[in-house]
Amino acid sequence: MRVHAAVYARGLHRHSTYRAALVAGALTNSVFGAINAMVLLAVFAARPRISGYDAGDAVTQVFVGQALIAVTLIVNTAPSLDLAERVRTGDVATDLLRPVSLLGWWLAQDLGRATFTFFFRGVPTFCVGLLLFDVVLPGGPVHAVLVLASFALAAVVGFALRYLYSLSGFWLLDTRGLWTVAGLVGPVVSGMLLPLALFPSVLADVLRLLPWASMVQIPAEILLGKDTLPGGSVFGALLLQAAWAAALLALGAWATGRATRKVVIQGG
Amino acid sequence: MTTREPATESPTEPAAGAAAAPIIEAVGLGRDFVLTEGPFLRRTRRTVSAVQDVSFTVRTGEIVGYLGPNGAGKSSTMKMLTGILTPTAGSVRVAGMEPSRQRTRLAREIGVVFGQRTTLWWDLPLRDSLTLTRHLYRVPAAAHAERLAELTELLELEPFLGTPVRQLSLGQRMRGDLTAALLHAPRLLVLDEPTIGLDVVSKSTIREFLLKINRERGTTILITTHDLGDVERLCDRVMVIDKGRLAFDGGLPELRATVPTPRVLVVDLVAPAPAIEVEGATTVRVDGPRQWLELADNPARVIAEVAREHEVADLTLREPDIEGVVSALYRGTVPAGDRT
Amino acid sequence: MADGNTPPGGPARAAAAVLRPVRDYRRLAWIWVRAVAQYPVSLALMSLAVAVSVLAQVGAVVIVFGHAGTLAGFTVYEGLMVFGLAASAFGIADMFMGAVERLGRHIRSGSLDAMLVRPVSPLVQVAADEFSPRRLGKVVPALAVLGIALAGTDVEWTLGRALLLPLMMLSGVLICCAIWVATGCLQFFVADAREAANSLTYGGQALTEYPIAIYGREIVRSVTYVVPLAFVSWQPALLVLDRPDPLGMPEALRFAGPVIAVLACAGAALLWRFGLRHYRSTGS
């Protein structure tokens, strides 16, 4: 556990050196957020309520999505975990032989990165939304804690998916195509491009249950206190996120075991 | 200390010994950089001179070594000669052109190789990279085919022409880079550390190749290097730059004579021992049973005394090598704390 | 374009000077196409993935118009026309000039220096670097959407309109190219500018995919007179539909695209030269 804390701190610290990139990133997220929000405001001006959403809900979800972009790295079409490069070059063989688990090490490091970017890129982006639009805030301290918990689970799900994409390099010759597809499809099915509430309701209900929704749609609905949440409550929604996080991490651990055996047997 | 001769006006004249036409003429060349440092809002600006008042002439057909410690101004000079960097003082003419203003035209006359990074396309097979170079330099297909065939043979490129550049070994890549730099038959070849990181065989291949194209085609070569083997094998003349200023310009024998460097006696003892103490010599290095002694006195007397006091397995006397000379030159001009 | 010291000569020489960068670009791009074509399956899958994501965006447009009915007086087909114009212009510009956004990488790795010692404009070399036909995956569906939208819209086709539409589309492409180059130039001055530049390039695309009147007068004014994004999809759409400007801006603007495009390209070229001069005087 001490090792993981150190790795987490390192991930946190390493990203604190890219200050200009943080400002640039927050600017980009804010611009995209503003454009999306204005399109949705035009839609809700024509029809004030769509599947339980009003204009404020939609705008809030847009900025939740933009604030979490750098946390979950859901829109990246290029490999966004350094592990992918280590698998490609074969350097990962030495990592696998370390006494610390590969999954735990990368999870700790990526959560360190996610924590840093959340506070120094996500929060400023959300604040821009707050300044320009009628964005909804948590109703009280308890609600705020639940929202933050949901964001944290979003970060874990985001990591677990990227960990699996990275490990696929053990079996695929070239993973760039996979990363591209993930980066293009992720934003659509997660509720980033448009709130799922605007989708046809059957499609929306299915997409809500998939892991991608746990990175934008579910956290946004927890903040908005919607009754469309899986299980009808905040706790049901958090449970769904936690279940996805656990399932994907378990899959990651299993894949790591397979990969280790492959490396040991084939010598890398 | 610099040899500066009056410029003659016939840049196309072929190589003809020491009296050949100049291909590079630098007069009072200088380059300042403005550095901004410190935290945001309290930033201070400070001007640093990377190159100061450097003047030299390189004649067609010469092979000139350009030496100096890291950060001495070698790269900045090279960049000014090739037109990548604009000088802040003085002037330079290369192949009769002003590099910073006629960069594109000059590019056809010179070939440039950066040893630390390739100018080839990382993901393309070497052959495609070379074809691309042909298009960029507008070399007629027939001339290209002929030169490529010649270079392929000289540098033994055939086995890896179809391999993507990123998969080439360092030595193969350097041979590819040299080929790319020579396909348009440049009059001047500018090499920035061409043998860095190479094994002995690759180094030797490249040195022999450079000598050959210099002799047979009259290609002028300006080479920066940290490898003094390159200098001893290739260069008739060396220039040493230190802290932005030209500290030496002349032949190798003159360079040796500039700095008095002691001969070194290498002593192999039968067993490891503490540093030998003997009058007329200083022990500068101990490595197991082997010790290095710098001689300030008659070698015969020192050898006799060492043999009397210690159980000696072998003795060798080394003449001062160019490496020692150059480092002594740096030592003489650079305060000890500034060197890395 | 590189040094401005073209040797004196007749009009034939001048024409050659203009066409040279184009020929250089074509040759560089062709080598990359050949290299990529060695992995046809990978290329096809990547193109397909890009195409699917364009279709997803089309789906989003349809959903948005489905809920709203009309936006800024535009029906869903008219909205798709705006989307098709914006996506095709940005897609084509991305294909030819998008690589300029990797300028910072070339500066850091030193490959820009290698480009500077070759007798070809470094802008051409940077832009053609890693040229990939994969981006057709974006352009082809965008053009298809435009075609479908034009067929589904009640356009009163006149000869003038039929001729002006391609001209306006070309202008849109050139404006997008200029934006790409101009924002790429920022990396001459600020190393981490790439992502900030994306807010203008990809952000510009996102903005122009909808009838821009929905963003209000201030934004429409600034994307008309400051960053000329309005001429990529909005003004051409007004021209084709022969519709008065909902915000009452001058109607002559819809014919201004080509002039704006030339000005934008000239501005971008100047910025590039300025940036390159800065680079060559700092070496960083």
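Should a chain be cited, it is by its letter among A, B and C, assigned in written order, with residues numbered from 1 in that chain.
Everything that follows uses one rule, which is that a residue touches a chain if its C-beta (ideal position, glycine included) is under 8 Å from a C-beta of that chain, and two chains touch if they have at least 3 such contacts.
Here the structure is a predicted model, which is why all the values come from computation and not from measurement.
Visitor: Average the C-alpha coordinates of each chain, average all protein C-alpha coordinates together, and give the chain whose average is closest to the overall one.
Guide: That would be C.
Visitor: Averaging each chain's C-alpha atoms to get its centre, pick out the one most distant from chain C.
Guide: Of all the other chains, the one whose centre lies farthest from chain C is B.
Visitor: Once you find the CA centre of chain A and the CA centre of chain C, what distance in Å lies between them?
Guide: It comes to 30 Å between the two C-alpha centres.
Visitor: Distance-wise, how many Å sit between the C-alpha centres of chain B and chain C, to the nearest whole number?
Guide: That pair's centroid distance is 45 Å.
Visitor: If you average the CA atoms of chain A and of chain B, how many Å lie between those two points?
Guide: Averaging C-alpha atoms per chain gives centres 51 Å apart.
Visitor: Can you list every residue of chain A that touches 2 or more other chains, as numbers and ranges?
Guide: none
Visitor: Which positions of chain C touch chain A when the two form their complex?
Guide: 39, 42, 45-46, 49-50, 52-53, 56-57, 59-60, 63-64, 67-72, 190-196, 198-199, 202-203, 206-207, 210, 214-216, 219
Visitor: Name, in rising order, each residue of chain A that touches chain C in their complex.
Guide: 18, 20-21, 23-25, 27-28, 31-32, 35-36, 38-40, 42-43, 45-47, 50, 174, 176-177, 180-181, 184-185, 188, 193-194, 198-199
Visitor: Using the touch rule from the top, collect the residues of chain C that touch chain B in their complex.
Guide: Residues of chain C touching chain B: 2-3, 5, 24, 27-28, 31-32, 34-35, 109-111, 113-114, 116-121, 125, 130, 277, 280-283.
Visitor: Which residues of chain B touch chain C once you look at their complex with the stated criterion?
Guide: 33-34, 76, 79, 82-86, 100-105, 107-108, 110, 112, 114, 116-119, 121, 123-125, 128, 131-132, 135-138
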